[in-house]
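Several structures are given next for inspection.
Look for chain A in each of the two complexes below; its partner is chain B in the first and chain C in the second.
On to the complex of A and B.
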């Protein structure tokens, strides 16, 4: 049977509408969440609410939480980025080493573990023994979450370097280490940077590992403060939670925007 | 100073697969020697044996001996061998984040040379030898990837020349270039042979006929015939060579 052009046009438009509709369905929760966080967060950050909470006995200093978030993120970066880079390079550049398979298996398993496991691990191994809560423990727990992801990303980025670039370096007498640090790392740097920022943006919002490692000090970081306030009985506290969520959203968005800017440069 | 490169009974394997079968070949200095043959005949593998680049490929290995002048290359380090036996690849591979200057200087810096004026001298000399100096002398700090494909290939030749090799291996150096750019590279090869031993791998028979003094024909990992280019193309001794150069296969 011959298909009429008109029927095909209608069918095409129907499909187009369906994709558009599904696209809206997918994006709507994100948009509504962002709008909700911004609207309520702004209320939560108003001087009146902040004064009210500061006056209460519940210590919720906003500056502490912001500083805490930045410090924890920087500490996590300081641990995870060097380790992620070195192990990722090892996996990518020495694929025939004996422990490679075991290591890759471990990294894959760790990367897929829920973040709370990292927190629980640090809690049982360190926090309970030290009998204390600390931002350093939180950073270690977050590093457990971030490191395997960075290792996996680094390995993938190094795999994507065309073999002809490697051969070019070796052909002028580069040793393996010179190849890695003189040619491959600079060539991959923007891609690595993008993944680092992405990873940090992800862990910045993690709450679960922090519950076990710095719960004793609820003001230590934005996600934990938001979590603690949200559980509170008073209306002002709930508003405070929204305020901290908004700040967290801003920080994460900044990191993602910078990361996006870097990827644009990568493409061009 | 150009040196003889001699391969004695060289075989190569990728895993269990033998891809090169006992090739013995002497490449004379100040001449251009071409290797021709259909795809998969072991041309590029042979070239990678000469500068020990095959070692960088996982699961690849070779047997036999390679001599550079009087010296067995396996008595040198792989890095030293590769500096003395330079290689240019089938498509330009400048280091993507480096400027034109840094690309050419890369090999010198990797050797630990730090003296700026001496590096600058070597870079200029290499770019002149690669016939690229006049085109890039005013934009040495420009990213190398912004050059045209032909210029990038000349840059890669300059990068190799900078580390002062005695032998140049060219693995299909013009395969991605336009006819005009190919001609330019061929003129460059003609010019370079006065100072270097040159081995060129090519799938382009006309190119071999144009640039090579001697030609070797490879088939299924074996060297079938080797001799003066004019003889090999006009009066080949082996039937398989004749079939290949007359276009009956390949």
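On to the complex of A and C.
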């Protein structure tokens, strides 16, 4: 049997090596990033550094930032999950008119709009400045970013439900709203939950919309504080930024791990 | 026998009404956004003119509102990022989809997931510390490399899906007539995925164009982008003309993002359906 000439086999191996090498080069930074965040973040969270900066009282202390992030995330969830679910169900379960196609196109486009745009949009809507409301402004801006993504995901989840389930429910006399409320939503609930947590984890780290909407000392959050400290003029502040980044990363990872856990338990 | 219902039940009509209302709300939000930005940019349009070509600098403090350097900065950083990310991302997607090595593929998928989950502030901080570690300065190249990492997950996941869809008959046919695996990939898999690769690169461009925080942190004073000035000059918002020109920049940014988004999605969608646009 005639074997492939040797140089072609060598060429094949060389290309494989090249792809392999490029792939590793591309993802290695993630290790470096995580290691650096953990090492420098722990330094930044050490009591000595924390005391030093809470004296300068700039950007609020750590507890403020943690509470701010949690509140903003919860408010964002409260706004975007209902809207995401409603519009997603509407797109997936109702007849595909021209209106639907326009809606889907607009939502997809909105999902691709830069996050800054959401921040500036909410800023343009603010007529009177009330610093106390900053959290609400911020969460509206984040919802602007999150809603379109949730809508697309929700629509996809409902499309994945086998149509035999719908036919079964309708055949035993369910009306459409009964079908949606008692059959489709419960059967998709795990997937929906996963998408919600996933989306919230992504949007939690968004900083750009917060710059335009969080004013004053009332609205401090982890990403914004990290950004402000990193941009700040003082040398020691960069450690503060790392410390807040580490906390942010921990929060994001918790949400993502929980969402992964949910999807693992799904059995079909 | 019960009389057959002529009308849909109240619950049905109510639910459809509510859902329709939510849908209309989303559409209104979009048009309100365009409307707000258009109205907001009126003073700038009237006083400085469209695209502000009167000056080749952007420096609101000195009354210079040239938008060309911003467009240049945006495309220079984003294109650099997309080129880097496409080269490495396609290589990674080839290994992930065509070679079956769990010991390599599983950690790689985990890392790609990690890249997409890390908040952008951390990319910025990491970029800064890498630059100082390597004794390099901030600038377009630095920003491009960090952006490339952020774009990578988009490209890898899209291209991998398309490469997984290459029909086995084509691949086996190539192998059967004596092609090595590398030749098979070059002659069958890559041509099949070409359009999807282009589409995912355009989608990656959309992401790179919209990225703000990393630009502000890593690009530094050596360049300006559409997103960067929105944040950097937001502090000057007490000046009405500056605010108004920021709205105009935002409008421009929306336009660019919408165009690349539609282009990328069309390419990827037709690639997934197996339709080919002649390239």
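By definition in this document, the second predicted complex is superposed on the first by the 228 of 268 C-alpha atoms of A that agree within 3 Å, B and C clash if a C-alpha of one lies under 4 Å from a C-alpha of the other, contacts with A are read in each partner's own complex, and residues count from 1 in each chain.
Going forward, contacts are C-beta pairs under 8 Å (C-beta built on N, C-alpha and C of every residue); 3 or more make two chains touch, one makes a residue touch a chain.
In this text, all values refer to a predicted model and were calculated from it rather than measured experimentally.
Colleague: In the superposed arrangement, does A:174 touch chain B (first), chain C (second), both or neither?
Modeller: In the superposed model, A:174 contacts chain B only, not chain C.
Colleague: Output check: A:36 vs chain B and chain C. Expected answer is one of first, second, both, neither. What do you get?
Modeller: second
Colleague: Output check: A:182 vs chain B and chain C. Expected answer is one of first, second, both, neither. What do you get?
Modeller: The answer is first: A:182 touches chain B but not chain C.
Colleague: Have a look at where A:164 lands relative to chain B and chain C in the superposition and call it first, second, both or neither.
Modeller: A:164 contacts chain B only, not chain C.
Colleague: Check whether A:63 is in contact with chain B, with chain C, with both or with neither, and answer first, second, both or neither.
Modeller: A:63 contacts neither chain B nor chain C.
Colleague: Among the partners chain B and chain C, which is in contact with a greater number of residues of chain A?
Modeller: Touched residues of chain A are more numerous for C.
Colleague: For A:242, using the defined touch cut-off, is the partner it touches chain B, chain C, both, or neither? Pick first, second, both or neither.
Modeller: second
Colleague: Is there a shared patch on chain A that both chain B and chain C touch, and which residues make it up?
Modeller: Of chain A, residues 175, 178 contact chain B in one complex and chain C in the other.
Colleague: Enumerate the contact residues on chain C facing chain A in the complex.
Modeller: The contact residues of chain C facing chain A are 8-9, 11-12, 14-16, 18-20, 22-23, 25-27, 29-30, 33, 36-37, 40, 85, 87-89, 91-92, 94-96, 99, 104, 108, 111-112, 114-115, 117-126, 128-130, 149, 152, 178, 180-183, 185-186, 203, 206, 209-213, 216-217, 227, 230-231, 234, 246-247, 250, 253-254, 257-258, 260-262, 265.
Colleague: Hey, which residues of chain A end up touching chain C in the complex?
Modeller: Chain A reaches chain C through residues 4, 8-9, 11-13, 15-16, 18-20, 22-23, 25-27, 29-34, 36-37, 40, 83, 86-87, 89-91, 94, 99, 102-103, 106-110, 112-117, 120-121, 124-125, 144, 147-148, 151, 175-178, 180, 201-202, 204-208, 211-212, 223, 226-227, 230-231, 238, 241-242, 245, 248-249, 252-253, 256.
Colleague: Can you name the residues of chain B that touch chain A in the complex?
Modeller: Touching chain A: residues 51, 53, 56, 58, 79-80, 82-83, 86-87, 89-91, 93-98, 106-107, 109-111, 156, 159-160, 162-163 of chain B.
Colleague: Applying the document's contact rule, which stretches of chain A touch chain B when the two form their complex?
Modeller: Its residues touching chain B are 95-96, 162, 164-175, 178, 182-183, 186-187, 189.
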